[in-house]
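Have a look at this one before I ask anything.
Chain lettering (A, B, C, D and E) follows the sequence in which the chains are written, and residue indices restart at 1 in each chain.
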Amino acid sequence: MPETLIFYALSGFAIGASAMVIGQRNPMYSVMMLIASFGALAGLYVQLDAPFVAVAQIIIYAGAIMVLFLFVVMLLNAPKEDGSEWDRSHPLRQPAVVRLGGLLASLLVVQLGWALLSARGLGGGVAAFGDAETVSSVRVLGRVLFSEYVFAFEATSILILVAMVGAVVLARREGEGS
Amino acid sequence: MLLTLSWLVPLVGALLLLLVGNADGRRDGMIRWLALGVSLIAFAVTLGVWAAFDPASAEFQFVERHSWIPQFGIDYFVGIDGISLLLVVLTGFLTPIALLSSWGSIERKVKEFSIFILALEAAMVGVFISLDLFLFYVFWDAMLIPMYFLIGIWGYDRRVYAAIKFMLYTMAGSVLMLVAILGMAYLHSAATGSYTFDLLKLYSLDIAPQTQMWFFLAFTLAFAIKVPLFPFHTWLPDAHVQAPTAGSVILAGVLLKMGTYGLLRFSFPLFPEAAAYFAPWLALLAVIGIIYGALVAMVQPDMKKLVAYSSVSHLGFVVLGICAMNTQGMQGAVYQMLAHGVSTGGLFLMVGMLSDRRHTRLIAEFGGLKTVMPQFTAAFLIMTLASIGLPGLNGFVGEFLIMLGAFRWAPAFAVAAGLGVILSAVYMLWMFQRVFYGPVTHEANETLTDLQPREWAGVLPLCAMALVMGVFPTIFLKPMEASVDALVLRMQATQTVQVEIPVDRRPDDERRLTTVTERVARR
Amino acid sequence: MMDTPFNAVVPMLCVVFAALAVMMAEAFRGRDEQMALGGLGIVGLVGAAVSSMLLWNRNASSFGVIVADNFGLFVTMTLVIVGVLTIMFSSVVVRRDGLPAGEYYALVLFAVVGMIMMATANDLLVIFIALEILSLAVYVLTGIRRDDPRATEAAFKYFLLGAFSSAFFLYGIAFTYGVSGSTRLDRIGAFLAAQSMSDSPLILVAIGMLLVGFAFKISAVPFHMWTPDAYEGAPAVVTGFMSTGVKAAAFAAFTRVFLSAFEPFSVDWAPMIWILAVATMILGTVVGVAQTNVKRMLAYSSIAHGGYLLVGLIAANDVGKAAILFYLLAYAVTNVAAFGVIALLGTRDAANDELRDFSGLWHGRPALAALMTVCLLSLGGLPPTAGFIGKWYIFSAAVSAGYYGLAIIGVLTSVVSVFFYLRVVVMMYMEERDPGLAAPAHVGGVGMVALVASIVVIFYLGVLPTRVLDLAAESISTIF
Amino acid sequence: MLALIPLFPLLGFLVNALFGRRLSKTVSGGVASAVMVASFAVSAFTVWGLAGLPVEERAIDQTVYTWIASGDFVLDLALRLDPLSAVMILVITGIGSLIHIYSTAYMHDEVDSEFARYFSYLNLFAAFMLVLVLGANFLVMFVGWEGVGLCSYLLIGFWFKKPSAIDAGKKAFVVNRIGDYAFILGMLLLFARFGTLDFQQLAAVVAGIPPEVGVFGVLSIASLLLFVGATGKSAQIPLYVWLPDAMEGPTPVSALIHAATMVTAGVYMIGRNAVLFSHAPETLMIVAVVGALTALMAATIGLVQNDMKRVLAYSTVSQLGLMFLAMGVGAFGAGIFHLYTHAFFKALLFLGSGAVIHALHGEQDIRNMGGLKKDLPITYWTFLIGALAIAGVPLLSGFFSKDELLFEAFREGHTVLWLMGAVASLMTAAYMFRLVFLTFHGERRHDAPAPVHQLEDESAAQAHDDSHGAGARPHDAPPAMAFVLIVLALGSVLAGYVGVPHALGGHNQLAAWLAPSFAAPGGVAEGLHVLSEGEAALEFTLMGVSTAIALGGIAIAVLIWLRRPQIAASMAERYPVVHRWLLNKYYVDEAYDATVVQPIRVGSERALWRGFDVRVIDGAVNGVGAIVAGSANILRLLQTGMVRTYAGSMLIGVVFILGYYLWR
Amino acid sequence: MIPLSHYLIVSAILFGIGTTGVLVRRNLITILLSIEIMLNAVNLTFIAFGRQLGSVDGQIIVFFVMTVAAAEAAVGLAIVIGLFRHRESLNPDAFASLKW
């Protein structure tokens, strides 16, 4: 039963932290909350026999990407959400419409939940299948990554290259280059 | 090869003109002569086709077939029978006249104008000679483009509206035909395993009656808009009024015929059962158009509009003749197409000359022109009378044959259509009276010049043709006879139309009729 | 060509190397030194084209995830053409607008790499990565004029919504993976084919989510909202690139995924796509009518064209698949050229992409006006242009699959679309030049060559399509 | 040979039409007259040849070429000369020649080009008229039928600057067209039913069908339609309204076209199809009644008209009515006989009136005339002869023909019709002499200013003034006109002697000559009706009555308009309604205008064009465009520019798709 | 034993939260964060499915997703910086000059 308890605790924490991310106005706190949420998710990954991913989650996600966010937040020095009212003459620019967006999102969750609950074969315990050893083995992971997924891996390098070039091009100060 | 030449000559001519540098209009004169020369050569080619045409045969002649897009069974497949022959010749005949008419009125961008006219001719000829539905559709749609530019660039004040309306209206109808054409090809492939757009093969395709109905409607809508059949006619007054003279001449002379030609060549023979079912309805619309067009023409203050509405009325006769689905009706219909091309083309030509001189087309702006322009008046009178359908001129033969055919089919339609005979006299003569008779009421009209030699060059062939067509109609009826008979047989073979046998027949008619009935029986 | 396990990626590699070469060259370029960077890119693209030709009919496959079947190669060729034309037009624009040449060309080439990858990928994950490669490159290209707030805004909108949609797409992949245990299309297909038709809600959710991802990229309604804004804000030449390349790549992947892996569920997805197609065709054309900015208008037009392509997808027969390919090619050439004209008419300070900027163009630049007209007529589907044959093909696919309703809606909307294409023609030919406007720019050199070449291709495809139709038909014969 | 007859005038037409502007008046007038005389010569020659043939074979056929051939409808341009058409061509070419000659003098004041134009029209008319009567089938006849209508239109509107003239021309054409419409339908019906339009073949077929007594079958309908056509051309109720207006044309035109030849085409047509009509007795009855009514009605109007030519016009209508009455009772020979004599005296009367008008510089109102007897002796005497002839005074041509006509009506038992005819005759005599008296007798009133409504052709009036000088005494007719008047006067006296009835010891050669034309081909030409003893007596009696009527009418005229002019005025005062009613021609024109013309015109303009065409149809077309554009303008507003709305739109899509899949 | 569906539902809820964030937040940074939440939600799904299937594929895909997320974040943040330079604002609604 502790397993279950831990699951609910972690899930609750992840959901709560995520809700906090979008629930308040200071982006700095949002980033912090997101890191917290990622932490909780890492816990869930461990529970799912994916310790390596969990570590990567903490190191890469929380450690690198979120830092980047933090860096930008501080760079821009815009701690508060810009609450100034822009042109609202258009009916679709009314705040109510935004609330409708929230409603839609909840509808989406309901749909997904409905689908998941009505699907067969999902009710069994998640760890009942396969071999936990294999699944959590970094060796297997590495072998599969560099055999089955080698092309994707290489492609990712192009992706990162594009992102780098792009970020440089866009974020460069005016008048620099060319 | 001759047939291909007949549309290739103008097209190549247009491309050649494209190469002539004429940035500042210095070579306008040369270009005019070049264009005229090309169109005359094209006319000569069509005459050559006529000369070599065998009128005794109902088969398609000068057939050329080259594989074009084999994946769909699309061929470059052209050929003519007696029906299309004459329309091709008409096209060849009217284009030089249209070009001539522009000499006085088109001052700017002469090169482009000539190119568009020649391109238009190529597309129009293409429409009439295509025996492949795809090829036909290509020409059909391609024809819109030069016409659109002709109206839009060289037209009068509301030209843009008219051009767009013309284009969209016509397209809206023809795209449904496109779907039906595709459907036909699909049905053929379902039946035989291969796609084809070959008209002759599709003729023999057995289509379920229900499907026929839909396809027939799709085809017919496209053609009805082009004709234009009431109530799809409202693009016509706008297009006609706004088009430059040459455009109006070609529009009235040839373009409208494409609709009725389409009915004859495609809608009816492809879907004979549907045609039999819908013929009365079409005829009803045609008759409404005849009367309605005439009544509305009567009260038009604008000469071009008047002639345009008169076209609605005249073309109604053609559709009625086609619907009758007997020899007289169909022959009359084809004849009326030619006659209308000549007489209405002539009317537009001459209204255009007036408009060039006075920059107005309002009837009220004229009056008493007979005093200042006697020659013009005489020529106009001939065209007016031709349009009215006076015996001895071209309009009568077609109208009479149509009414004869219609009467044998459904007398009520002929009776109603005949009212058009009365009304056409009313509106044409009324206009003639207001424009040419009476004292000269506007000062500007007192100095108008009479017909110039160059203008005569355009008017005279039309007048002569009106007379020749009225006096010696057999010249034109003969070549189409075999084709029309074959068409009639095809239509009647698939339906139980009572062939009315006259009580009294002359011996030669007897023979003709028995052969007809035998052939029907043999089917 | 030798048979090696890497054959299938050769076209992609050519372009990758060209991109890298461009970046290197840029790095070593002197401050004011002019370099034919675009030429390098073209060399790479030509290499890709040559290798694709060599690979034709060989059905090569590499790493199990990249398949250079004829289908993919056909799209590759299309993309190469798009890339070459884009680079040719860009050569004018980059110099004029002072864009960072090296990065610019590199990004274009990387985007092409992503597109080719997407078109030839046989794995949902690779498709996703390819999608991201091309998307990121295009986001950046959209906003490459950093001095232009509208360009930045466009990039931001495109990016945000793109990221949003790719999350859905990814979710779809996740469900697919969860249900079938793999991301490989062949395996998914095999798994699903073995399934009984018991409607598993998960697979339907997966289909729906994937549909969202693709629909976004091909800007199907209601996932089209980014399109007008991004197309309008981006530099015209980039718009031309993304409106064709991205769409072609996305459609290739879309077709491949839905007609191979999810083919057994076509009963489920076809009606949905039917709805999307109808909405897309109608909304694209109708709203296009109200536009006064030519780029924005063409954006709506490209939405509508996406709708026509969907029609081919729904038909889901051999005709339909080949029709998609042919249509993509015809549309790509035409649209690139049309945006090319707009790009060439712009200046550094003014985009000159409003309708009135085209007024009286015929009098000043008759050739340019004529070329633009041909493009517009082709987009409108009038003979004798490529667009006409394309529409013909698409609608025959619909008709032969029995979708008469779709065909009728399609042809009617195409009539409406002709209206707004004609508005440009009206402006160019039937209006006098607005006296307040500067004389239109002179166009010469590479840009003109590219334009004329496009027009030649448009007419070639419109008059003698046999060869290309054959290729398209061969393309679908090798797979699914 | 036959073709030459119409070809001559056609040639004249071409010469004058193409080169007329460059020809002098002498040449163009000379050519025009010469071709007519030539045509007359050829006609006379051919008719001579025809007369030499045996009675059964009296027909000359000539097929020029096949005009229209379509399926089983093969129609030759074929001409046929038979006794009936022989009479007609002689009348046409004969009187035509005279009128051409007359015109050379009458129209001499026109400028050269107009002069040539006039003669070209006149020649063209003659050509078409000859085609009309020579045509061997309906369609060829129809060519002539329409052609003469056209020429009539052109000639009525010859003075094209005069609005009333061109209006009249148009009216004539349009009203004729209404008749033609029925005519065409009749032809269609005949062809559809019998497969031929050839007169001979048709007659042969119809002869084999029992007459439609008491039923209204195909024959009756067809013949009725043809008759409606005839009412248009021959100015019968209800389509007679154009003829009085047609007097706007030059007077010789009125004489030739609107008195002697064209307007009789309807009568001729019925004669031509005697077999058909006699197989449709119901139609014949209608013909007779319409003819009688027209005769009577026109005569009443003629009594009060003040325009010289209009009086004659109504007289023509009335006389045509009598002819139809004859045709209607089956007395085809009598009808044609009257047609023939009428051609002479009515042409004479018109030309005489033309001489008067010519002399008075265009004055046509008899209230402004009087006392011209002394100044215009030739005109007066010839006019008087014409008036006597039309009044039916014995021994003049009109007497014989009218008498035969009324006798036949009586003999066939149509007493009421006879009575109507008789009354009409009485009134004819009366108003003709009213005309004579007011014009030539009494005080001179012609210096009185012309009434305002009298619209004159300015240039013509100008020309008159130049040549004659203002205020000069009226001249009598110049030689060319005088010659024609005298010839016609002789004709009016003598023409009747070809048809002297048996009762008077004659042989009625005309009836005998015509008889084969009214019989079915190959059928037995009905032998001449040999009068029984009682009938001969009856004929004598009726002859007496006729004479009495003629003299009575003249006497009334003498009394009212010569001796006691105040009677006319007091009668007009006493019965103002009747007078006004008559003066305004029963308001028929106004009624047509109010019930047909205006509703069509206003309806077409307001309802059909501006209402239906522009608003409804074009409105629908533009409406579709507007709907598209409108929805475009609404839908584009969804594109708010705010990225979160876009995301929302996408989410709606997602939810929709998932919802569709999960809960469908 | 926690059922697979629980993980998936947690993931779905997270996904929903991310979606909501995109729609309702008026700060570009937060919106980007919301997208990160969505991607993470998907990651959870992958891993859960992978665990259930007993394969490492799910985990490997997650690595790629992380990479993609990083790349997206880089470009996204660069764009945000660009935007901020133009308008001095991070409100997405401020950037609505392209419309209709």
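Here is the rule we go by: a residue touches a chain if its C-beta (ideal position, glycine included) is under 8 Å from a C-beta of that chain, and two chains touch if they have at least 3 such contacts.
Source: prediction; values computed, not measured.
Between subunit B and subunit E, the least number of touch steps comes to 2.
Taking the definition of touch as given, a chain qualifies here only if it contacts subunit A and subunit B alike; those chains are C, D. Each chain's centre was taken as the mean of its CA atoms, and the one lying most distant from subunit B is A. When you average the Cα atoms of each chain and compare centres, the chain farthest from subunit D turns out to be A. In terms of Cα centroid distance from the overall Cα mean, chain B ranks first. When the interfaces B-C and A-E are ranked by C-beta pairs in contact, the top one is A-E. Chain centres here are Cα means. That of subunit D falls 97 Å from that of subunit E. In this assembly, the C-alpha centroid of subunit A lies 30 Å from the C-alpha centroid of subunit C. Measuring from the averaged C-alpha position of subunit B to that of subunit D gives a distance of 37 Å.
In whole angstrom, the spacing between the mean C-alpha positions of subunit C and subunit E is 26.
The residues of subunit A that reach two or more other chains are 93, 98, 101, 104-105, 108, 111-112, 114-116, 119, 122, 148-149, 152, 156, 159, 162-163, 166, 168-170, 174, listed in rising order. Those residues of subunit D in touch with two or more other chains are numbered 625, 636-645, 647-648, 651-652, 654, 658, 662.
Residue positions 8, 15, 18-19, 22-24, 32, 48, 50, 52-53, 55, 57-58, 64, 68, 71-72, 75, 79-80, 82, 85, 92-93, 95-100 of subunit E are each in touch with at least two other chains. Pairs of chains meeting the touch criterion: A-C, A-D, A-E, B-C, B-D, C-D, C-E, D-E.
By the touch rule above, subunit D contacts subunit A in their complex via residues 637-638, 640, 642, 644-645, 647-648, 651-652, 654-655, 658-659, 662. Residues 3-4, 7, 11, 14-15, 18-19, 21-22, 25, 27, 30-31, 34, 37-38, 41, 44-45, 47-50, 52-53, 56-57, 60-61, 64-65, 68-69, 72-73, 75-76, 78, 81-84, 86-87, 93, 98-99, 101-102, 104-106, 108-109, 112-113, 116-117, 119, 122-131, 134-135, 137, 140-141, 144-145, 148-149, 152, 156, 159-160, 162-164, 166-171, 174 of subunit A are the ones that touch subunit E when the two sit in their complex.
Contact residues on subunit C toward subunit E in their complex (touch as defined above): 125, 128-129, 132, 136, 139-140, 143, 146, 149-150, 152-157, 159-160, 163-164, 166-167, 170-171, 173-175, 177-178, 181-183, 228-229, 232-233, 290.
Partner subunit D is touched in their complex by these residues of subunit A: 90, 92-93, 97-98, 100-101, 104-105, 107-108, 111-112, 114-115. Within the complex, the subunit E residues that touch subunit A are 1-10, 12-21, 23-27, 29-30, 32-34, 36-37, 40, 43-44, 47-48, 50-60, 62-64, 66-75, 77-82, 84-85, 89-91, 93-94, 96.
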